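The same chain A turns up in both complexes below, where it pairs with chain B and then with chain C.
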Partner chain A sequence: MKKIYYVIGGLLGATLLYMGCNRAAGLNTNGALASSAAEKVYVAPGEQDEFYAFLSGGYSGNLTVYGLPSGRMFKEIPVFSQFPTSGYGYSEETKPMLNTSFGFIPWDDLHHPDISQTNGELDGRWVFVNGNNTPRIARISLETFETEEIIEIPNSAGNHSSAFITENTEYVIAGTRFAVPVPQRDMPINEYKGNFKGALSFISVDAETGRLDLKFQVIMPGFNYDLSHPGRGKSHGWHFFSTYNTEEANSLMEVNSSQNDKDFIAAINWQKIEEFVDNGGGTKMATNYAHNVYSHETHMGTSTMKNEVITVDPTQVEGAVFFLPTPKSPHGCDVDPSGEYIIGSGKLSADLTVHSFTKMLAAIEAEKFDGEAYGIPILSFDDVMAGVVKSGGLGPLHTEFDANGNAYTTFFISSEVVKWRLETWDVVDRKPTFYSVGHLMIPGGNSRKPFGKYVVAMNKITKDRYLPTGPELEHSAQIYDISGEKMELLYDFPTHGEPHYAAGCPAELLASKSKKIYRLDENKHPYAVTNPSEAKVERNGNEVHVYMSTIRSHFTPDNIEGIKVGDKVYFHITNHEQDFDVPHGFSIIGQNTSELLIMPGQTKTSVWEPKQVGVWPFYCTDFCSALHQEMQGYVRVSPANSNIELSWSLGE
Partner chain B sequence: MKIKFAISTLLVALLLIGCGGKTEKKDDGFSVERTKSSEKVEQKAPETNEVPASQRITLDNKGVGQIKNITLDPEINQEMATTGGELFKTNCTACHKTDRRFIGPKMQGILERRSPEWVMNMILDPQLMVEEDRCAKDLLVEFNGAAMANQNLTVEQTRALLEYFRTL
Partner chain C sequence: MDKQVGPSGLLINSQIKMKKASLLMMLGSALLLGLFFFPLWNIELGAPQYPEPLGLNIHINGLQGQSEFDIQNIDGLNHYIGMKTLPKPEDMWEFSVFPIVIGGMAALGLLMGLLGFFNKIGYPWFFGWFVVMTILGFLGMYDFNAWMVDYGTNLDPNAIMKLQNPDGTPMSYKPPLLGHKKMLNFDAYSYPRLGAYLMLVGMLLTLVAGYIGMTKKRVETKKIIKKTLATN
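Presenting the complex of A and B:
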């Protein structure tokens, strides 16, 4: 018996030892691999990332700023949505930014960021984004990382094939996804076909100031203009839009707008149309849209209503607009760095269709047309197609490029990124994503000069990627190293809202010019207090204006009396700090708007309507110094009929 | 038993304290044995032999920072002092009064206590000074931990402020 025990014991021991060794060996191997992926995304404490990435926030209405390769989020830039964190859209200065022809709109669905370019290369001055729901385009400064301008797009609905910029940032282009009556009018929905239109808007960008101006709209047939990209290099001057619902169905679209085996990519020679408009072409149409501009001098947004737009009938400008037949409801419409290839991702197909710009010009020259749609020539498919990528995947959506002739396409249905070669159209690698990837982004991957080190895949479905947080989850993103022949999955990180597309650039393009403070001596806000002796409280009927200043760690004044129930109190707060990263906050009990977060040198205003008699405190919400907790004050609110004199003080 | 007794005594005591706290008094305040920090500085002699930083005379100390040596003209440059006065109003008065202690020390007589170099270094990089200069560090403690704000002034502006201090 003993012997048997020994044997069993020995066997067990040996097995364990063996397993142990094996396990250790296995761990070592995995460990080595894992650590190499980890090292690639590890940004040591105190060190900084290699790239900025601007991920759209989708239905959050805002834009998020990330670092790559770490996947760390640095900032959420409020654009189309109210943002209590900073008071954007709540403060008196920023409310005008959200004004539209529909009135004040506190929200939008932000889709596609695009960084400004010069000669087809990223120049890092601004990033442009589109509001999809209430059609708008915003320009965000890449010095302040703040929204500086929002322009509403009339005659548009579902502003989706936007906001893409031409290679010298001459225009930011915004196309409508939904066809609508242009101008809007009361008419039966089922008379869509032939009556609804698709407006493609060309918004000029001032080279110095970035100021936007809706220069003209091309009024196209009533298809759905889904995505678009500018030509570059040889195709500079053209812009390409994918379309679906060329059936012009108005109901049960998921069936009825998928009937044609081919839809179109619309090729628009905007330089020709620009010339036409410059020479007095086009028709002025009465309309109504808001143009909102924010000034970093007055720290204030102003909204102006405009009431006219120049529309262009594409059939009136010869040789300016053509349709390229493209299979199965193309979604992504991407142009390679050379400007030669236009890739249509038929989202209901397995294949990608690649059109050649050179062949397109030749076909136009030779008039190789297959017919026309509403007077716009349809080019013959075989004469414009350069190749087909037989991917083996399902549901191609979007393509980005590296600098070495490779293209990377996302496949939504088969959840993968597929790498393929331009010109040979061969698939060279594929990697799964987690799960159901939408857009992907390579820094500069939509320019003449991509920085092909990483690709970020932005997914629509998260499921089991992170610890569960109930039914609602943030979306997941994966970053892959694409510097080698095969892609390598490095890291997985959650994103905020629903990123549709992103734009990235090398850190050095922006980091050194990022603004640190607003200069107090440049502050032109009408209610700014440039030195504490100017702090005061003024009454004008029921309106009370408090001119207040802050510095570590007190408000001037911090005691205010003589406010009455029924007053409308404007707190205009100027932050007198002139040092980097010393914001002060302001909040007061019963504030119906939001707090304010005021950067050094800035002035912001919050309205407070006291409803109850009493002595009510206010305080700084941003932990500003060791004496932050002491940064507080009181407002005495007296009955409406009281005759307490207005008074204010600090330290008396 | 003893323990039980102790516990009940404690409970009673707590109850008493609790009840005591609830009575509303209409006093203007309350008083306990303590000294106000501001009084301490001016009235009470320090426990050590050390003079409070605000009263120390450290004219030989040039501080830490980019200003190494400043020679002052015997004549005050009035134009420069005027510029300095304007800058003082916008950048400093939130915390400094000329004639009395406020958040920070008063500015009158500053150049009888500190060297011109020290003053300029303190304005140009208060954080560095607090880290590396003994006097600046002691001032921070004496002034309640209220760190001096870096107002991002240029050397030229700081020099103008210094000239203004000479007029006080």
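Presenting the complex of A and C:
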């Protein structure tokens, strides 16, 4: 009996010892990692981050700005969604920004930011983003970090293979994910096949102003154009789109769109099509779409409806469009920094397919076609393929690059980032993500000049990574150090909305040119007050315009009488501060919109429709100074039939 | 025969060249003109919430913000403590008189240098100029300080914030004439700027000019006396 005890005791002891060793070893490595990882992401108080990161907000409709490596969020830039924090989409000036051919749309699903480039390198002038649901492209200034322009995309639905820019920002490219009747019409859904179309839009970008113009749409067969990336370097002038549902199914798509062993990557020679259009090619199609432009001089957005678009039948332009067979419903379609390799991530497989641009050109030259689809030549798979990455993972989605010939691919199903070598196609390293990663981002990782120090993985599932907050959780991003041979997980940080893609760039590209104030002497808002002595109240029927100015810490005027029930009162508020980071806010009881947050030198307008007689206060919502609490005023609202004259004052 | 040299100063003067001294005199007084291009003085106000300090450049013809909107922003802060807004050029006689004084002294110095160059006047004039300029400089500093005392203590009785020293006297917000002073949450720094440095170097040069002139005169006078004695 004793023997048995000894044996058991010995075994237990050995087990404990073994576990102890294991734990100690684990602790040691973790400990060492933890301290160096902490140092790598720690940005001391008062210090600034090394990179900007622009993370899409997905269904928040907005774009968020982060610092790397700290993962600190700096700003949420309202783009496609109303934003009560600043009054975007609520103020009279910004409502036109959300106008579409469907009327005012207060929301969208923002997926893919892309920073402007010159010669294939990030130049930090603008960031472009797509609205997926009601197809739109927006341009955001990287001086003001505000949305300056939104253009609606007609003939498109599920604007997903967007907003990717060519290497000199000649075009921002927007492809439709959902095939639809073009032009839209009343027809049976099950007649999709052969009748629905996929419009790929080429929106030119003015080199000086950034102004967008829908130059032409290539009307492709009714596949789903999922993602895209521009050619660069040697492949500049081409654009590559991944497709799925080449089956052209219209129902139970998760099964019916997954039947073909191979779908396509569509290679579009946009320079050829541009030339075709410049020489009068293409068909003018009647349509209807909104083009919204915000001016930082008038501080006002204007919406213009356009009613024509040039469409191009791809079979009419010889040598412009080809299909590259790519296995298993490819999702990501990424181009390496040299422009030679086009990576298709068959999202239902384990492997990545890499096409060679050089081989593609040779196959086109030799006319090595393997049939055609709707008159578009299909190149033979074996003739264009450069290699296959046997990843060992499952569900590859997106690939980014460093400057040393390495590629980094996310795997949704196996929840990991895999590092592999271009040309040898060997897997070098793999690290788990927590959990189910979608896109990843290396600053400049989608350009000719990547800054391969960190990769940020944006995960779709958060679960237990943070303290629980009920059923709804923010998503989670993870930052890895990729400066060595092996990747090292440094840090987790929660993200806002659902980040899809992101774009990043070195901080010095933007920090020094970030605007601090708007100049009051350049304010051309028609209702601006440039001197407090010009503050006034004007009545025009039941419309009342209050020309109001603010400075620490009072409104001019702050007492207004003679307003009546049933009036429509426009508060036009100009912030007279010319000091960095001194906004003033404006809110009034019973305001049916949102507050206004007015930057120095800016004018914003809020409409208030008083419904009740009384004396109603308004106040500044931004803690602007030690006297912020005193920054308040009153509006006297009299009955509709009252004879009280309009009057206004300050300090009387 | 008696020597006819000593008392005949004119004769000696006309024989002693002060070219180097005169050129220095001209250069020194010309450096005053730098005040028309560069600030004389600067007052900087830094605080936790002003990591980039607000600053005031004092020129002889008016005030300028160190950054474009600093004057407006300093006034904005000063209104809490009831300080008057910073003066525009037309608000202070100094801003019209100082340029005349500086311009006049520079012109006078140049003229003296020129006359010295052609042996029309001697080195004592250079010293004279220096003395006058020094007196004017001290007057200017006195006036500047008086202005700051007025601005820092002559406050609006209805000021938003009326602060007192521990002894119960109203707090003064006069920036230091030279150096650093802590005022509430602000660190005030008051230092000369390029215009003042050019002026100081210029004045030093005129002093050197006078000294060179003086030394030369002594040496040359001795030589002449020796020569005269020898020939006699």
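Here is the rule we go by: the second predicted complex is superposed on the first by the 620 of 652 C-alpha atoms of A that agree within 3 Å, B and C clash if a C-alpha of one lies under 4 Å from a C-alpha of the other, contacts with A are read in each partner's own complex, and residues count from 1 in each chain.
The definition used in the following text is that contacts are C-beta pairs under 8 Å (C-beta built on N, C-alpha and C of every residue); 3 or more make two chains touch, one makes a residue touch a chain.
Since the structure is predicted, the reported quantities are computational estimates derived from the model, not experimental observations.
Once both complexes are superposed on chain A, the partners chain B and chain C clash.
Contact with neither chain B nor chain C is seen for A:N559 once the two complexes are overlaid on the shared chain.
In the superposed model, A:D521 makes contact with chain B only, not with chain C. In the superposition on chain A, A:N260 makes contact with neither chain B nor chain C. By the touch criterion stated above, A:P532 is placed in contact with chain B alone, chain C being left untouched. In the superposed model, more residues of chain A are touched by B than by the other of chain B and chain C. In the superposition on chain A, A:G651 makes contact with chain B only, not with chain C. Contacts of A:Q578 after superposition: both chain B and chain C are touched. In the overlay built on the shared chain, the residue A:L627 is in contact with chain B and with chain C. Taking chain A as the common frame, chain B overlaps chain C at a single listed stretch, which among 2-10, 20-28, 92-100 or 110-118 is 110-118.
Residues 517, 551-552, 577-579, 625-627 of chain A lie at the contact with chain B in one complex and at the contact with chain C in the other. Chain A contributes residues 517, 520-521, 530-533, 549, 551-554, 556, 576-579, 582, 625-627, 651 to its touches with chain B in the complex. On the chain A side of its complex with chain C, the touching residues are 517, 551-552, 577-580, 625-627. Against chain A, in their complex, chain B makes its touches with residues 89-91, 93-95, 102-103, 144-147, 149-153.
Listed in rising order, the residues of chain C touching chain A in the complex are 52, 68-69, 72-73, 76, 80, 160-161.
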